[in-house]
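This structure is in structure tokens; I'll ask about it shortly.
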Amino acid sequence: MEYALIVLFGLTILYISATSRLEVYINCLFIQGMLLFLLILLTMHDADIPVLLLLILETLGLKAILVPWFLRYIIRSNHIYREAEASLPHFYSVVLTTMIFIFSFFVAWWSTRLPDTPETVYFGVSIAVVLNGLLIILTRHKIITHVMGFMIVENGTFLLSLAVAREMPLIVNLGILLDIFVAVFLLGIMVTRIRSTFEELDIDMLTTLKD
Amino acid sequence: MKILIPVFNILLIIFFPLLYAGVINCEKAWWCGRRGPSIWQPFYDFVRLLRKGAVISTATSPIFAIAPSITFSTMLIAALVVPLANNNSLIGFPGDFIFFAYLMGLGKFFSLLAAMDTGSSFEGMGASREITFSTFVEPAFFIVLASCAILTGQTAFNQVFSLIFLSPGIKVLSLLLCSAALFVMLLTEGCRTPVDDPNTHLELTMIHEVMVLDNSGPDLALLTYAHYLKMVLISAMIVNIFMPVLDNSLLSACLFSAGLILTALAVAVTELSVARLRMSHVPQFVYFMNSLGYILLFSIILIAFSGR
Amino acid sequence: MSKDFLRFKNHQSVRTSDIPWLSAGLFRDTVLKACQEGTRPILLDATGSDRFTVVLADDREHSLLCAGCVLEGKSGYQSLSAEFPAFHMFERELWENSGIVPIGHPWLKPVRYPHNAIESREMTDYPFFSVHGEEVHEVGVGPVHAGIIEPGHFRFMCNGERVFHLEIQLGYQHRGVEQLMLKGNFFNKSVLSESITGDSTIAHVSAYCGALEALAGITLSTRALSIRVFAQEIERAACHFGDLAALANDVAYLPASSFYGNFRTPLINMLQSICGNRFGKGLIRPGGVACDISQSSLPERREQLKDIRASFRIITEDLFSSASVLSRFEKTGTVPMETAAEIGMTGLAGRASGLAHDIRVHHPYSWYKLNRIEPVTQTGGDVLARALQRRDEAEQSFELALKILDELPAGELRRPPETLQASSMAVALTEGWRGEVAHMAVTGADGKLTRYRVKDPSFTNWFGLALAVRNNEISDFPLCNKSFNLSYCGNDL
Amino acid sequence: MLQLLLSTPVVLSLLALAFRSKAFNKATLAFFAVFYFFCCLFLVVHPVPASSYFAVDGLNSIFLLLQSVVFLAALLYSIAFLTESGLTEEWQAYYTALMLLFAFCLTGLTLTTHLGLFWVFLEATTLVTTPFIFAEKKRTSLEAAWKYIFICSLGITFAFIGIILLSLGAKSVESLSFPDLYRQATEINSFWLSMAFVFLLVGFGTKAGLAPLHSWLPDAHSEAPPPVSALLSGALLNGALLGILRMLELMNRAGLGQYPRLLLICMGLMSLVICSVYTLKAVNYKRMLAYSSVEHIGIATLAFGVGGAAVLPGLLHLVGHSLAKASLFLSSGNIHHRYKTRDIAGVTGVLSSDPGTGRLWIAGFLMLSAFPPSPLFYSEFLLLKEMLVQRLYIPALMTALLLTLILLSMGSVVFRMAFGGNSSAKAEHSGYLFLIPQIILLAAAAAAGFIPSEFYAFLSRGVFL
């Protein structure tokens, strides 16, 4: 069950790589948040109450509800509904994503010969998700999509931390929580500002500062 | 009781394909608030076509005339190795899924040749589209089946599917990925809605329909039948992933039939809830099957063989 | 400028002797100047083998302009299409009907199968554009199609699935409508005009009646005008329903397709309950309307319209929130506003590209004169924009129809006209669901009809479709075609 | 004392937000500048015993002292800046509060000995400084702020992955605090530690502006107000580098010193190359200064990479660069205030139109380009010497050539701006508050250069590499 949840988490990335509709991205972010929440419930039920509460707050409250809601608010208020044209066709995007999955699983498989390896499926999927987040940032044009790519990277990192660092100190976790919260909201506000300054939320607009 | 299953399977191969089509059409009509054709309509059409004469264009070579029969017979032979009710295939031998894939390929090859043979620009276009999508489906099919084979340690169709349900640890995951991949294959090979539109009358957008545009009479009947048989076979694989081998043959046969009907309904629901993809976006959908296959393969390797 | 043109209003009769006749050079300069100032062509009409008139529409001044051109000898005149591509179809038609050659026309070939043309020409004699290259291939579709649609030949020049260019050849259905109008009694041509385009019955018959009534110099009661416009708006909404159903069907989104079709039926049945024909045939006749909307049925009709509108909204919400449908519609078959303006697109397709041409707004007639309406436009110019345009126009039609039912005044239904003014001309423009329908009638010195011209919006918009599919996939052509949904017989006449 | 140092800025920033009075802001800034300087000085002289999360050790005391001087200058300059810039009362309060929060984050960053907390503070500095960059609300400042926050957030995520990988390899270690890690360095799995180092280097290196992760730096530094630019260059980059240093030490103790050094040398040289390419065609003097920061951080990284006797010059280089660069950024603020342009072409004759600023501008440049008594002279000289000793001939040659190239191109720009005939504008001194901070910084730098032996003793406390 745990594995199925993790692989489903990976599949959301596959879906994102094939679509250009921002609503779908947001839905996938929501699903990712929910899956992380379920994973927490499945794997961390024996953790301390404050840690558990914090993790639930982070996954369910922040990743699944607040951030998707906020991103949806931004795209609604800015009337951006789709990624105009990714810089590479979606077919290649899907192929690349698949290759990333293969690569990550291979790395995870290879790492089993090392001591102290994390659970391989966690490890493989989280590497794949982080790399795919970067791929999305690299290949998409819209600023809002970059924020979503950033969120995907964050989600992948969170999965990785679930796998290996279950006894992370509370204070660090709190810091992460705060950072994600502030970073995403600051990014969101920037997006709105950029909208009002540039009229168009395309990354190509941000090329004034060049050498 | 043991003899009942093969008999049932033979009857299934003969009658189920047309019923399968009828179920899909009925479901779609009902959902849209129409009364729609009778569930037996495909049978009436089949009989009607068999009783008609065929018109064959003078511009075609003999390949056009024999291609429908070849497509039909390859599909019929393929039906022998696919496990049907109670995970029982009529004949089965190690590595028969490769045999199955090549039979499907042979049938497709001849239908492509026949389509090109007519010299019509539409049929050429349809053939080119069909072959493009097939190039994605075939390797993916091998990957999916190979990962199941690795998981179960068996290479015969019926053993693979009867054991996969019992594989420990990663049942949910393999069931999920395997059935999803095969469902994509079902939609692609069956030319159903996000890939193709079975109802369209527009030659420019057709894939499968346009390839049989020049066939008529018994030839068309055979092609239609072979097409639905292909869908039933793929559906049978999906159903068998979820079906354990039961001792009670009758119950098993009933459950299996119900499963097939459910897959037909699932196809219909998919067709109703999404619009058809843009032609240039179809490859990425079909490639999904590859992606799922790879993920399945590597997950199995990771989980089953990393010793954790 | 005003001296060079005769200026008049829509549905207004003017004396033919008032038309200024200019020499070819002066005519060209004058028309070009007017076009630069934003007027657009409505009709080119040859009155002889050496003279023709042009009718232009000036949307800003809400008036129509007319001027004539006299050619020296039979030398032809310098084509206007190079400067204003909007003229290219009109000039082809002019050449086909009268033999006047627009010199320097970029692609002079017949519009129709021309059995009424000056010389006998075979359509097959005329070439198609050809594209050469290793990987370029041509796909010809039609004139006989798989569905139950009218004949037309489409020649695609493609590279793989991508369309470089599409050339559309129509004219297989030419019936000689304009000639038939001149035969027999002009007062009895309602049925003929109703069958110019089967789905724009009301628009064409209204235009015919409008031209006739202007020539006869009669005015109608507000009740008659209201009923006509009611029928017009119902026709518009019903056709938009049908088109949205067809669009959904083309992307294989079955629920929307079925339900739009389902709700279209009660809508056109409303016309049937008024006049006995689902398409409104027999309702509109010269001098008024032949059937009345009974006062007692008004509340029921209002309820029915509101019910249909509620269902329409539900299914529209579903259609336009489906991601898979939107991804088919968006950025498919885009005609940018500049292109649309250049080739003179009108009506629904033009408004979807952002051109606010609407006869009901800019050249108001009958009921629309008394009730101002706001034009609805989109900006995208793609299939989505045309679909949204249909949604918004259908909404507007419901509103107008309900308003008419609310305010339906009492009055005389019909007063048949008897005579036409001699040596006069009238142009009647109406806004059908597809766009502007233009009918022009000219009478001779004896009060008999001498010329009758018809222009359907399809005539100008077909070329828009050809441009829309460029660089699209060939499999998206049916979708683009349906989003325009132009008339073959309206073009062929 | 630690608690006082960390809590004061937070309390004061809340007060500044609450009062929103111009006078209070200025008073706060002045008070805090002096308070912070003396507190830090006190802490350096009398180190407090380490708590579980914070400590003053040999390494971070150098950074602490350095940033206290830079803060002293930048905060004093801020008072003048706030008076002259037409910022609204509300924005002045925000400015003050954010400045104080920045001081808080930076102090935490320097003082913490816990890897996790270090990471949190590093991310917090990004969040706190972004509004400064955005303050002018122009297209360019918006763009710079976006790049800054986005690239740095991504980098920091990588650093987090590094932390996760480290904790994966360090299951046997009690906590992620550096003393614990150092003590049990050999028990950490070397593969995971190496992986963790790469990720942490990418993460911290992004923040430190090491090439090729520097792309945000020129934009952000050139768009920020002068005091903030000075702080970013003079304190924040050092802070991020501190993390790399601490990780480098861990790698050394785990016996994996070789390959991180190679990475650092590569990144250092790459920074030099990129900076030299840019300065050849510089058009914007603030951007030029920002690229020069990339260069000097690169030299310091190179020194740490070379290791051995080069570490101490590396630290000295950081000190010299921070002080000189902060003074140059502050002077550039004066120039911008007078000429209203950041284009090099639009500025000539600073010396004649504003003699004070002009002299400081040239003095700062000389200090930055390693003219004795600049500490950079010693550091660069010693670095080159050590490279030759270690037989790193090609890197040494590259460094020498690139340094000369950068000196030439930057010198021509600086002198073109300082001299040149702009006789029309009459000479006018900037206010004293616009000059004193630079004098403090340059005096401190010169002092560091003049008394190398005492200062070396202090610096060498930090060298445990």
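General remarks:
Here the chain labels run A, B, C and D in written order, and each chain numbers its own residues starting at 1.
The working rule: a residue touches a chain if its C-beta (ideal position, glycine included) is under 8 Å from a C-beta of that chain, and two chains touch if they have at least 3 such contacts.
Bear in mind the structure is a predicted one, so any value in this text is a computation, not a measurement.
The chains in contact with subunit A and with subunit C alike are B. Taking the mean of each chain's C-alpha atoms as its centre, the chain lying closest to the overall protein C-alpha centroid is A.
With respect to subunit A, maximal separation of chain centres occurs for C (centres as means of Cα atoms).
When the C-beta contacts at A-B and at A-D are tallied, the pair with the greater total is A-D.
Distance between subunit B and subunit D, defined via averaged C-alpha coordinates, is recorded as 65 Å.
With centres set at the average Cα position, the gap from subunit A to subunit B is 36 Å. Look at where the CA atoms of subunit A average out and do the same for subunit D: the two points lie 31 Å apart. In terms of their C-alpha centroids, the spacing between subunit C and subunit D amounts to 71 Å.
Contact with two or more other chains is made by residues 280-281 of subunit B. Because contacts link the chains in a way that matches no line, ring, star or complete pattern, their graph is best described as other. The full set of touching chain pairs reads A-B, A-C, A-D, B-C. For subunit A in complex with subunit B, the residues that touch the partner chain are 1, 3-4, 7-8, 10-11, 14, 18, 89-91, 93-95, 97-98, 101-102, 105-106, 108-109, 112, 119-121, 124. Those residues of subunit C that touch subunit B in the complex are listed here as 137-141, 146-147, 161, 248-255, 257-259, 262, 322, 324-325, 327-328, 332, 473-478. Within the complex, the subunit A residues that touch subunit C are 19-21, 23-24, 81-82. Within the complex formed with subunit C, the subunit B residues making contact are 28, 31-34, 121-122, 125, 193-194, 197, 199-205, 271-272, 274-281. The residues of subunit D lying in touch with subunit A in their complex are 116-117, 119-120, 123-124, 127, 130, 134, 139-140, 142-147, 149-150, 153-154, 156-157, 160-161, 163-165, 167-169, 171, 175-176, 189, 191-192, 218-219, 278, 281, 287.
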